[in-house]
Amino acid sequence: MLFPILRLLAVFLLTLAGAVLVIQLLLWASPGDPVDLVPNGDEIRAQLEQEWGLDRPLPQRYAQFLGRAVRGDLGTSLTYRPGATVTELILPAAGRSLRLLIPSLLLAMGLGIGLGFATAGRTSFVRRLAQVVSVAPVFLLAFLAVHLLNELAFYGMEAGWFGRPDWFALPDTDSALKTALAIAVLAVGSGALAEVHAAVEDEMVMLRNAPFVDAAVARGAPVWKHVLWNLLPPLATIAYGRAAFFVGGLVIVEKVLHLNGAGSMLWQACRLRDYPVALGITVLAAAAVCGARLLGDLVRIAVDPRLREAAQ
Amino acid sequence: MPDRLSLEGLRILAGAKELVRDVDLQLEAGEILALVGASGSGKTLSARAILGLPGPRPGVVAAQLELCVGGQVLRPYQGLTEAVAAGRPGRFWRRAAQAFRPIRGHLVGTMAQDARGALDPLWTVERQVVEALSLGDSSDTPAAVLGRAGFRQPQRVLGLYPHQLSGGMAQRACIALALARGSRFLIADEPTTGLDPTVQEAILVELQRLAGEGIGVLLITHDLRIVPRVADRVQIMDRGRTVETLPATLLSSSSSPEVRSLIDATARVAGGAL
Amino acid sequence: MKATAWLGVGLLLLVGLAGVLTGLLPEAWLPYDVVADVSPDQAGLAPTAGHWLGTDHLGRDVAWRLLLATRAFVGPGLLACLLASVIGVGAGAISGYLGGPASALVRYLSTVTASIPRFVLVLLAIAINGNSTWLIGAVAGLAYSPAVAEAVFGRIDSLKRADFVLAAQAHGLSPARILLYHLLWVNCRRMVGRHALNLFGYLLLLETTLSYIGGFGVMEPQPSWGNMLAFEFGYRTANIWGVWAPAVAIWLTIFCCGLVSEALAERRRA
């Protein structure tokens, strides 16, 4: 059992290292000079070039970045919060973002499973509705929800039905409703729900027609235990397959709904051309996606004995 | 009065198409009835009707099933004709699981064609046998159940997963699961297909042994060659209807054209007389 | 294809045509001036003969802005599809057909690129290189090509041992012809088409999101369906079309991409 786990860890590290390379390539491949876009770039040009290794060839830059990153040093913030280390900025922000990301992923999976049970391979109105709503981009759903809620509150207040709700006016005030809205919008929008549901439904249809399910019915055994347990590996695959998508959506949701997390920090960093922070968050995003894949594979290996053998 | 199973007047529809029409089937404890026919003749559908298993919509529309076991008589299809005549078959089928519960896995065990496929790939053999046992009130241990199915080293097999079993072992495991709760009847659906000859022989010997212990075996097969070897009686089906039912020894002297063509084709494949 | 799918194709063609025309025609030829059309006295008008969808809260004509906004994403969208298709099909086909270390490398690159969320990658790219919708299209296309490569790789890899391929090889057909025609064109074109459609929809999503949030994408006074929405936010304008027209346009276009993509899907083998 140890060897498969080590192998998965190795895959995780290798993939992450590759992602960092791609990120570094992005910086290296820019036609202009990244220093130019930094607000006070000319003054500290020499320092920047030295720190980012812009004067050195790509392999050396990459090694330097990787070496520092492994020790937890992702550089220092320039313009976003000058002087603060990138790590001390992004890690707490990442924690806040995770509190949004994980419930959202779970909600998407839950809704996907629920809808899958409900529609079970038949065309139905519910499924069409879910598809239609899910197609809307995350920002559009957030925009519409905020717009409608604000309008509703405004009318209600003017007509005297109720006083000013504590969440008015979205999205400027923090509230439980706003967080719930963020989680819901992230779980549903930009096709997230539609795709999770389609994938889950595929698996469920395959399972229902599986010979061992039929044999269980013929034996008079309860089928749900078999179905649920056999759904776990494909569910894990579906979950980590959507991870990158969810992280991207998170960045949008945080910005649109004015939430404070790694996503909105990325926007600010990009706006202010604070490359260390932006790169650091991107690396973190890649690590999150790779981590999700690692977790998913671990679940699959734990549940499916055939994978355990194949991995050895 | 020996235990017996009697299915009469079976009719299965898929939409407007009649898949099985007017099929009767009698099985007594301790005998092996071979249900023979080409693919698509309705053998599996008819056998599944004994368990009340759903087929294609709308499925079974007429059937009388009577099981006599230990003096008790069960008629699980009671109410089907009324429900279908009233145009509300759902009324019957909603209660079907309840009506067939004493039969499925308990009075009648099933061995599917794809033995390994019939086992949950994520569960050990032990866990599956334990599940089968827990559905009844048998006090047998899993090892004893496997031993009764012919395993010589049940302890070793218990910890295995289905993908680690050979074809023959998987088939035996299915026998074990099918009989875990002391079934009186066994439906064996193409148990020898896809196995090599020595294993086929072993499975057939096993089935004979079970019949010797008093279990009524419904052996579904499209291979006529094994019929005279194992079966007491033969029932030939063709395109959803019973063509003929006769003792296995009299098979080659049948005069019905469908049976003759089946025998001739089998003989040609076997390279000689049956 | 079903009737609804053809409607979807029609809408997409209209949008595409609008985007291409408005993008190619010089500014001077267009009967609408984006910058100059600011008339606060005509703010928030309901649809009239002169303004088919009314005006926004600065008095600008909503219908014209809706039309002109198509040039923000159609060109970059087509660029993205082109890049992703060419690179993806090329890499996937070659590595699929040849197998061995080439395929391992393609799969590794594909997994690595897929680990970075596309949105984050695009954001980073425009932060480093400056804001440009064409750059957005290019980066999106490059970031999407691994997905296409994987799909094509999988299809070719599974087909290359198929009987018809062996027969073709036995008949002496050149590998290039087998690969290009029999494998790619006959078997992969629908799949690649679906990916291209999904990518086009994704690019619209990308561009409108960036323009909505502001600072990137299309900036005022140039119209984008995204920034039209952002512009009307919070203004209790009498003209609801200012809000709903771009919202419906975005939603409908992406929906049609998905609809046509679904229609192109090969029927599942029963």
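First chain written, first letter: the chains are A, B and C, and each begins at residue 1.
Assume a contact is a pair of C-beta atoms (placed from the backbone, for glycine too) under 8 Å apart; a residue touches a chain by one contact, two chains touch by 3 or more.
Note that the structure is predicted; figures quoted are calculated from it, not measured.
Asker: Give the identifier of the chain nearest to the protein's overall CA centre, each chain being represented by its own CA mean.
Answerer: A
Asker: Among the chains in this structure, which pair is joined by the largest number of C-beta pairs in contact?
Answerer: Answer by contact count: the chains A-C.
Asker: Please compute the C-alpha centroid of chain A, do the same for chain B, then give the distance between them in whole Å.
Answerer: A distance of 51 Å separates the two centres.
Asker: I'd like the Å distance between the centres of chain B and chain C, where a centre is the mean of that chain's Cα atoms.
Answerer: Their C-alpha centroids are separated by 56 Å.
Asker: If you average the CA atoms of chain A and of chain C, how many Å lie between those two points?
Answerer: Centres of chain A and chain C (C-alpha means) sit 22 Å apart.
Asker: Among the residues of chain A, which ones contact at least 2 other chains?
Answerer: In chain A, no residue touches at least two other chains, as defined above.
Asker: In their complex, what parts of chain B are in touch with chain A?
Answerer: Checking each residue of chain B against chain A gives 48, 51, 53, 100-101, 103-106, 109-110, 112, 114, 117-123, 131-132, 135, 161, 163, 174, 177-178.
Asker: Name, in rising order, each residue of chain A that touches chain B in their complex.
Answerer: These residues of chain A touch chain B: 210-212, 214-221, 225-226, 229-230, 303-306, 309.
Asker: Taking the touch rule as given, give the residues of chain C at its contact with chain A in the complex, in rising order.
Answerer: Per the touch definition, chain C meets chain A at residues 108-109, 111-121, 123-130, 205, 208-209, 212-213, 215-216, 226, 229, 233-234, 236, 243, 247, 250-251, 254-255, 258.
Asker: Applying the document's contact rule, which stretches of chain A touch chain C when the two form their complex?
Answerer: 14-16, 18-19, 21-23, 26-27, 30-32, 34, 37, 131-132, 135-140, 143-144, 147, 150, 154, 190-191, 194, 244-245, 247-249, 251-252, 255-256, 266-267, 269-271, 273, 275, 278-279, 281-282, 285-286, 289-290, 293
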